[in-house]
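The next block holds one structure in the form of structure tokens; read it before the comments.
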């Protein structure tokens, strides 16, 4: 019970979009959902959800990103983090499929190409759900660390976006089936 | 709170090893744990935990496998499946690191190389925990489907095993930290 | 994610059918599911799941019943009981719709017509799920208490069965939507 | 562990009453609880908890309602919705008992008489509990859809209120017992 | 919703009593419950629930013990362990009250008097609940470690048993109230 | 996975410290944690987390207290209350060890010496965790009820604080082990 949508609308990500029912409002999705959209990225100060970032007076900035925002109901923060890591694994696998020569490495929920950061990601709770944001650099200018983006590495955004959303939906479905097809053991 | 151990002992996997406290018995681990060992694989009939396999009168057979058995306490079957998929992602990423030219694809909790099956995997519940088995073919002879193994693809087992266990331990630790470092949103 | 099926096969209910994956085996349903079938009912002694019944050396017997067996995964025993009571409410509402003049009363998970028992019901856990059995008398002969059945009260079984399964599927779906459409309060 | 009280005080319902510890404040109930009271109903704009209503710029209005507010601790939003539907089933069953000729139909957590809406209902979370509001029209004037009320259908409010609260308390108790009287199955 | 009973019947504890619905069978308690009774204690080999004991080929033996068996429904194994430790704290506090000069020390779920073991305790899961056994030596003869008992330390069993059960019931009730009387914080 | 720290900094407790990530901010702890510090105590009006206190227009005041603030993630409010009671039991046991002649009595999460109140305690939820405050009077002046403090009873604060934190860490660890070392029963 997960639906996805690629939004036509351009939305600059400021952190305010990481909230309950954003997915519903933008995509009309009444189930769990993930939406994708393009826009700049600038998250600073009190909008930082990651306390480690806030402690380090860090910020999350990019000229242009492909953003994914997901919302899962009946999902603990631990589960939301498992889901986010699987989502990031899928990003990596999809890049591999589209550009087999690129050696992307994953460290938790971050992807790197030759030491340059390609993504940002965070999962947190709302009063009624868990939400995640995962941003994939298109044009990484402004990032506070060495970074690269889909434009530089030559990955077609549209095919990438569609493939990622499709795989994640498949992944979720196959987990729903996996928990229903085993007998217990001793 | 996860410990891992590579067992010296050779153990043929029959399905009986997929039970609570196997990890503790073999490795003396009193926390959550994953053990790795080598041995043949032959799971048939009533020992099949996967009901889909049992329905299809399938069997899980290989001449030689690298086996991983994990046990997690306070873990739902859903979580156990997220963990297993992350574990399988780590297998794939580790092969990539050791043999960058190989294009491994992941489909749920299965890995393939050019359509040949490299792994088997299942997660289930015990009365006190969840457990998983993930077997990586070394010599796939006997498998009921086209299959390959670490020997054929030239991946060094020892480095592979050590790297996989180390990454999974890191992954679990970093998730434990991730759920403790975010503020909630609206 | 709930599927239903009316089985053509006649199955006498002995209590053995109240187990994990019965629904899957009979109906090929890989999601949560409810199946309906006809058959006698005779549950006695150690097959009684209800300890209150067992304590009273009671038994559950009817010449002919319409049986419903449901299986829900990721569902606590408490939830399984809420679901069962809603299911029994739906039985009552459907009878009302088909035979508006009948005054059915519900007491927990039992239905009565003028003091005569119409149904039996129980929910319990398996190692991997929760399951419920709800039996609606067609021909109540053999029951240890005053009882009636669909035959006597003139309710068409086929319309009844189809309507009940359809309503329960709708109920489950609408609850899945209900938890996704509210904001939290203070 | 559920207590109920009929409040003497008249309270107009604006949505602000749907919050944690309202039941405790008004009734001195220190357990889970449900209170009933009379008052107008006018919930609009940002006070709407139902996002579907808010999206449709809907509002919840009635000249006079019988309001029920319940609070359950250690209760998920899913559970709160099961409880609410059982509560609404009980409303319907109680009307049936008091006025057997009326054919009330239930659609999720709404009751209708011949297509006219009789009730409104919603369940949501607070930081420490779940709460529900269920309003039964007495005088439905102002409602944005065709509606009826207890006055029109001739149901005695006092008997109705007392019976509903009593049944719901019994229902909760009997579920507490039901989960304690079954053995598990395979 | 916890009831307690002191059984008149003498029951030798072999480990078989640590199972679901033992409390119900012996005391007729249909809620959560704790029963107390006297009897010998001899738990060895496969009846040991504590795998650490089984690994060490240990056994649990005493000539005469005061046994407490508790069963809690809707309770995780973690919770069951918290409850057991509180129960053991209450044992210690009650001894203190009855014999203020004795310096009892608690180490997890074990009590000692001057290095001599006074109690044994374990909590585990059943398919439908969690259960605990806590045995307080009366006559510790046969114990595999230095041990003492209520007889030697001069504590009146009857007053002790009644006070322990009463305090535990109060403790459980006051926790049920504590979770219902706080507002959340930021 | 619990860390503790004794803060050098003096902090007056006003209730504002009872929030998520206070422990992390003050002690740099990225796991679950408990910090101890000295300071006055004055919690009044809307800062009271305990609704019972707020209802009674009570306040929590002391000239000087030893404060403990704990934060546990993935912990329900029920669990947080079990933990708090174990923490308070440990306070009592530690006083007993350091001053065996004092007869401290525990009532829920309060400690008394001869009817004089020694401690205050509360546990509640944040959006991402549960937190507790436990204050042990050093100088109880200002308390609204008869009270005593560590100064009066002659317990050395430094040894007390270190011993309490050490015991609680051991208690948590031993519970983590306890849930991993039992087999289930029938």
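Chains: A, B, C, D, E and F, in written order; residue numbering restarts at 1 for each.
The rule is short, and it goes like this: a contact is a pair of C-beta atoms (placed from the backbone, for glycine too) under 8 Å apart; a residue touches a chain by one contact, two chains touch by 3 or more.
Keep in mind that what you see is a predicted model, and the values were worked out from it rather than measured.
**Student:** So which chains count as neighbours of both subunit C and subunit F?
**Tutor:** Both-contact set = A, B, D, E.
**Student:** Once the contact rule is applied, which chains count as partners of both subunit A and subunit E?
**Tutor:** B, C, D, F
**Student:** Degrees of rotation, nearest 5, to put the Cα trace of subunit A on subunit B?
**Tutor:** Nearest-5 rotation angle for the superposition: 180 degrees.
**Student:** Name the chain whose C-alpha centroid is farthest from the C-alpha centroid of subunit A.
**Tutor:** Farthest by centroid: E.
**Student:** Round to the nearest whole Å and give the separation of the Cα centres of subunit C and subunit E.
**Tutor:** Each chain's C-alpha centroid was found; their separation is 39 Å.
**Student:** Measuring from the mean C-alpha position of subunit B to the mean C-alpha position of subunit D, what distance in angstrom results?
**Tutor:** Whole-Å distance between the two chain centres: 49.
**Student:** Just the number, please: Cα centre separation of subunit E and subunit F in whole Å.
**Tutor:** Comparing mean C-alpha positions, subunit F is 26 Å from subunit E.
**Student:** If you average the CA atoms of subunit B and of subunit F, how far apart do the two points sit, in angstrom?
**Tutor:** Measuring from centre to centre gives 42 Å for this pair.
**Student:** Scan subunit A for residues touching two or more other chains and write them down.
**Tutor:** Residues 20-21, 24, 51, 74, 77-78, 124-128, 179, 181-184.
**Student:** What's the complete list of touching chain pairs for this entry?
**Tutor:** Once each pair is checked, the touching ones are A-B, A-C, A-D, A-F, B-C, B-E, B-F, C-D, C-E, D-E, D-F, E-F.
**Student:** Touching residues of subunit C toward subunit E in the complex: what are they?
**Tutor:** 51, 76-78, 124-125, 127
**Student:** Show which residues of subunit B lie in contact with subunit A when the two form their complex.
**Tutor:** Result: residues 18-20, 49-52, 77-79, 81-83, 85-86, 89, 92-93, 96-97, 100, 103, 105-106, 108-109, 122-127, 131, 171, 174-175, 178-179, 181-186 of subunit B touch subunit A.
**Student:** List the residues on subunit C that touch subunit A in their complex, please.
**Tutor:** Those residues of subunit C that touch subunit A are 1, 20-21, 24, 30-32, 73-74, 126-129, 176-177, 179-184.
**Student:** Flag every residue of subunit A that touches subunit D in the complex, lowest number first.
**Tutor:** 21, 24, 74, 127-128
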